[in-house]
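Following this line, the structures themselves.
Each of the two complexes below includes chain A, the first together with chain B, the second together with chain C.
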Partner chain A sequence: MPPALPVRSGPITRRSFNATLAAAALLPRPTAAASIAPVVITSDEDVTTLDPHLIRNNHPIGSLIWSLFDSLVRRRPDGTHEPRLATGWSQVSPTVWHFTLRPGVTFHDGERLDAAGVVFNFNRMNQAPWNGECQLWQQSGLVACAALDPLTVALTTAAPSSTLLYWLEEAFIGPTAYLRDTAPELVGSHPIGSGPYLFVSWQRGSQVTLRANPAYWGGAPPIRDVVFRAVPELSARLDELKGGSIDLLTGLDPDSAALAVSPVSGVRQVRGLRKMHVGIAQHGIAPLRDRLVRQALNHAVDVQLMVDTLQRGTTTRLLSVINPPNNDPALQPFAYDPQQARALLHQSGHAGFAVELAFDGRYADAQETCEAVGSFLEAVGLHPVLKAYESGHFAETLRARGFPGLYFYGFAAQIEPLVELVVFTGSAIDNASGYDNPAVDAVMRQAADVTDADARAALVRQAEGMIWNDAPWIYLWYLPALYGSSHRLEYTPRPDDYVEIYRARLAA
Partner chain B sequence: MSRLSSSPRISSGLGVAGAALLAVAVLVALAAPLIAPWPPMQIDLRARFTPPAWEAHGVLRHLLGTDNLGRDIASRIVWGARISLGVGVAASLLGAAIGGTLGLCAGYFGRGVDAAISWLIDVQLAFPFTLFALFLLAVFGGGPGPVVVVLALATWVNYARVVRAQVMALRGQDFILAARAVGVPSGRILLRYLLPAVAPAMVVVGSFSAAQAILTQAALSFLGVGVDPSSPSWGAMLDLGRSYILSAWWMATFPGVTIALVVLGANLLGDWLREWLDPLAVSRR
Partner chain C sequence: MSDTTLPSLKPSPRRATSPLRSRALRARVSHALAVLFGVSLLTFLVAHATGDPVTLLLPANAPEATRIALAHHLGLDQPLPVQYGLFLLHALQGDFGRSFLYGQPVAPLVLQTLPATLELAAAAFCIALLVGLPLGVLSASRGGVASAALQLLSMLGLAMPAFWLGLMLVLVFAVQLHLLPVDSSGGVSHLVLPALTLSLLSLARISRLVRSGMQEILDRDFIRTARARGLPEWRVVWVHGLRNVLVPVVTMAGMELGDLLSSAVVVEVVFAWPGIGRLSVEALGARDFPLLQGTVFIAGLGFVLINLLADILCARIDPRIASGATSSGSIAP
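Now for the complex of A and B:
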């Protein structure tokens, strides 16, 4: 407690006023906890919902759900798994898993976590509209879940699943009574979870405010007040970072990275995992269905030059359709060789065709990347036509496999070979290019069925090589994960865009 | 009296300046292949963000610097003149054809025809044009053709109002009454008697409309719904440069200055033409 100011009676004279002022100046400064400004994290758009089962993007919605809620399993930044609400799990048969829940966990509204609640949450994820975003059931092959006792949940999959833990890491648990008895809109605007942060307020179109949960089972997070704020313009985000009014800036691109460096801020970088590529649609113009043409496209584009110039060397070119460290180190990137590209096009009998090259505004460098790719394709005699799509229209066309030619896209930042390969199987929901090789599908089915880890790895490697050489994409690079950060914030970013602010702390 | 004699001279000086600015722009557009040092679409990734020649690290071969893909800014502005002027003039002419015809009909036939056309003019004026243009281009797609049509839809009202008012004044004059009395058909009266009489006014409106069309075309490209996003249009260059305004000021500045100069030129010329072709404008002062 600061000492009390000397109290004087009588009129205030200039002398007495100055004495009071001098005494006040000698007081210790207010204690740190009371005066620390909230940590502000930016995004380029506001959240659209905070429903735990409607995670539409990794940031900002995913980052907020990860802070407000818990899942049974946490995904570490390197893709491995660690206990969260589940303290342990075991595979009692190839298709049945038992998860033991952490005892004594309570939600922010006081409800206690139990197995029946987890089952309720999983069943909610399997209903519309939540099953449109939450992929747990579809992707892992989950067919049944049951509460064996108050702290044990049994999950059954249709076939042996190698991706169950991965999808459980994105399956967040809320309190049963609140989810059941509250209008979905209210659940989405006033989230109640068991996570390290409590929800304080959401000013639509502007910001979401959180406060540390002092009763969190893992201990209260180091930073007390956190604000997620939407600032659409990168230049405005940079100005705020340098002005000291924000702490973590997302959506930084290589060209602007230097602008984030100031006396109060700097750049943080981790190796990115999102695989940027130009998809080669298999359901549009005929030449693209020819493997020789697809290989020619890969030989035509000087990816290394683009990495060195457009990306300023902040990333590396794709080495496989599987992310490191699980990729096959023997795979060779397609060499930049326009002669070879022309020869392959000639050999295929499809030289000189016109092709649409589609992009949207999701990635800041989409247009310049496509213009550069287009110029390389022109140099081998093709006629690329750039077409800008509105983002919603782009996503819709992607889902409907409606692109007639090429499209610029980034594929998920994951570290799980089977999850990464599944988009290349003929029947997969997310198979945007429509690539369909029955031989690959057969190997993938085998890989999902074997339980022996080594045998599975060998099959995965086989499929990986087949896909790589079939070239369903023009392989580009890993999206660089660049963040602007204030010097007071100590945080190591993840490569997959989620911001785990509860793992950050403030510099002393 | 002194005012009458001096004011046209001052404005004629400015008018000549405007005409000169436009003439330079037209010459540059026509001679683009001869004077542009680089092909406008030529990408050179190793030379991206080269500053203008007089800045540190600038090079003479890229006089006004390069953009984010290493394309030469000066060459793109030169080639962009073709798009901007071409689209501006074409839209202005199409607008003149539509607006002139409707204005003539409204003014000459009066009554129901006039009411219908005046209603159309009011509707067009009441509509927020940018919204309308965005809607049309989103539905029908971009490209020079649709942009010209959309810009013509923006400018025809200017012609229609002026022509209608002039024709209404001329309609009761003796030479028209005489023509009607001897049985000259309406079409011939409109084309041979009235059109030449309103032509000077249309020229004046045309110069302002062209300026408006150039500016609107730049705005539409800036909003991303104009001609092909990678084509060297001034508006699109300005939009692209906006993202790099802190690190590469030359990308937005030079296209912006060019748009300002050309639009200024067209407006100065228009002002001067108005005084020169319309003696009433002088005597009214």
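Now for the complex of A and C:
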């Protein structure tokens, strides 16, 4: 066992911080791996902060925080909950949960994990600016947290919460003394967690370097040295992958996938989770408020053809508004049927109207997708007008429910039915389409209050079917999750963009 | 015979015009300050015209209370003139505020990335000057191969977009031939491709300017006279000729250096070079006003300083610029 790092008392200064880093550097290291080049993971975005409570994106910031820190519960790739800093939990009453902490866990600076520290972290997440990114309190309905004993934390929610575990999975725990006594910018640039990797260095605008934590409670991860590097240009990332200087390339799109194949690299694919759709705004032009019109739009578009051509068959069409495996297998996709579409439009009395089709540059193929959708709509007698938005303007319009017609968008990558469906409730802030069905809202409220899992699942399924048939979106496909990978890296990517490099290993 | 061919007979004008020069310098400095003020105001206004950064900083489902709290935390809830006044007041003390994205003070952030950009721009500038100048002179005085090479290079340099050229260079020299590293983190070998990409446009412009200037100068009387005095041809071309085309070249080089700083944006993105250009692109995308204002202001400061330096340098090469004289003619070697 490596020697424990000294536990500090008193405020942490830059000097004492550097002393800790120096001490960490003296920890014994496995020497067998010394000659192996670090595993390099790229991203198109830069790392802006490594504050555990300011995770702005799943990758690269989320991937780094997941490597450096631990949360009480970790989200597995299939959406189930893995005990991490908590070894177990129980719902002692509909609104009170008890979490038992893992004993003997130490942070990278030597501080011991205890319940009071967890409470301190949760309270930090509830203040600006951290509460902007860390949504534990607002989204789960958490109202109080307390340390019952050194290894038990009690969480109280305002109403029975079925999404508490989901939001806890994004609530990471840092050492109390360091978070409390250090300037926020230093916390953001020199992260100290308890995760499987230790922070080594951050060259801003370039790369973050990590090293395996030999003292990790779950054992040191198989790969010792890891570098996260920002390379904004996809072509440059592809060049690097083929040149052998990177191991994992994120942000690959179907058009470029073939370019990632070389003697040293290939493509890895998992089923994506982000639900790509054309949102049908219900606060704009009148025809779109008619369910028949929205169903007609879904019948008018040949989604399968677009999946086969535009997406090059790298994905499948949406099966539901809830991601697999929780979706209702009985739901049927809207069949491509222009006749039916025309008939429904005729029946609704809204044939031949003009409609705006908005998109921005966030998704690689937004314009092509909208052009194709537009031409399908034209074929059933509508008059779509394509409109390109700057990304910031698009986000603002989306938030303000300002789109008068249709908009191309992808909804968050999640596997948690109740979190996924929130966006379809009338009062949800991010309900961009403005879809509002009081019957759905009532069922959703009931589902949130029920503690019995089976009863809740039945209610969720009921809401799911109602939303699906109300057609608030033109359902398209799951955003393909494609990764370029060097042959030496053995790793199964997650569908939600997080890179869990501690689960990877190098080929023999 | 023109009197300008015998400048050694004339008294040096330098000492006599020094008060004028300092006055000219003062005018240039106050001009520079006005430019910087304009830059700060324009950046502020344009940045704020793009919209509300809070929307981009927060997740889509953030409640209104969180938005208001963040806007207050960032100082965005104050009226625009107050925000600008505070920005100016703090900027004068070297404090450009705190980046929304990074949560860190802007000035150190920019100063951390500035060396990378300066390294890249300086390397590109050296290539442009060391290759462009001789190429221009050679092609004007010799013609033939040098002239053809210049034509080709300048056509490529002017016509090819930097991002495409950069990617092609990487594909050929790094991925196919393995002569240079693909990535841009490390020693001098990592600098070659980005610097080469960045330099080509400047190289083309400088060599064309030198070429046309030299072609004009080499027909002049004083060159003929220099040849008549029996001076060796290299001295006629490289000393008497070149010095007389240097003034526009130095002025141009000053602007080129500024241009290189701004063109570096594209090259930095292509080569993942951690410089000020990439930082400003990121700031723009995220509506990180303090960071954007900081990067643009510091880049503007650099641009203004370089131009000031070029002006001073021109005055040293051609004293008539300092003295305000307007007579045409040549400068003595």
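To be clear about the criterion, the second predicted complex is superposed on the first by the 476 of 508 C-alpha atoms of A that agree within 3 Å, B and C clash if a C-alpha of one lies under 4 Å from a C-alpha of the other, contacts with A are read in each partner's own complex, and residues count from 1 in each chain.
Here is the rule we go by: a contact is a pair of C-beta atoms (placed from the backbone, for glycine too) under 8 Å apart; a residue touches a chain by one contact, two chains touch by 3 or more.
Values in this document were obtained by computation on a predicted structure and should not be read as measured data.
S.K.: With the two structures overlaid on chain A, would chain B and chain C clash, or do they fit side by side?
M.R.: Partners fit side by side after overlay.
S.K.: May I ask you to decide whether A:Gly392 touches chain B, chain C, both, or neither, giving the answer as first, second, both or neither?
M.R.: Touch status of A:Gly392: second partner only.
S.K.: Of the two partner chains, chain B (first) and chain C (second), which one does A:Gln91 touch, if any: first, second, both, or neither?
M.R.: Neither partner.
S.K.: Could you tell me if A:Ser245 is touching chain B, chain C, both of them or neither one (first, second, both, neither)?
M.R.: Touch status of A:Ser245: second partner only.
S.K.: Go through the superposed model and pick first if A:Pro129 touches only chain B, second if only chain C, both, or neither.
M.R.: second
S.K.: Touching A:Ser235 in the superposition: chain B (first), chain C (second), both, neither?
M.R.: both
S.K.: Considering only the touch criterion stated at the top, classify A:Ala372 as touching first (chain B), second (chain C), both, or neither.
M.R.: first
S.K.: Which partner reaches more residues of chain A, chain B or chain C?
M.R.: After superposition, C is the partner touching more of chain A.
S.K.: Which holds for A:Thr309: it touches chain B only (first), chain C only (second), both, or neither?
M.R.: Only chain B; A:Thr309 stays clear of chain C.
S.K.: For A:Asp255, select first, second, both or neither according to whether it touches chain B, chain C, the two together, or no partner.
M.R.: Only chain B is touched by A:Asp255; chain C is not.
S.K.: Between chain B and chain C, once the two complexes are placed on the common chain, what is the minimum CA to CA distance in Å?
M.R.: So the smallest C-alpha to C-alpha spacing between these two chains is 8 Å.
S.K.: Which residues form the common part of the chain A surface touched by chain B and by chain C?
M.R.: 235, 390
S.K.: Which positions of chain B touch chain A when the two form their complex?
M.R.: 41-43, 45-46, 48, 68-70, 138, 224, 228-230, 243-247
S.K.: Looking at the complex, which residues from chain C come into contact with chain A?
M.R.: Contacts found on chain C: 50-52, 55-64, 66, 69-70, 72-73, 101-105, 109, 112-113, 116, 163, 166-167, 170-171, 174-175, 178, 181-183, 185, 269-272, 274-275, 278-279, 282, 285, 287.
S.K.: Which residues of chain A touch chain C in the complex?
M.R.: 46, 48-49, 51, 54, 56, 128-129, 131-133, 135, 138-139, 184-185, 188-189, 203-207, 229-233, 235-236, 239-240, 242-246, 390-393, 395-396, 398-399, 422-423, 428-430, 432
S.K.: Under the definition above, what is the set of chain A residues touching chain B in their complex?
M.R.: Those residues of chain A that touch chain B are 234-235, 238, 255-256, 258-259, 305-306, 309-310, 364, 367-368, 371-372, 374-375, 386, 388, 390.
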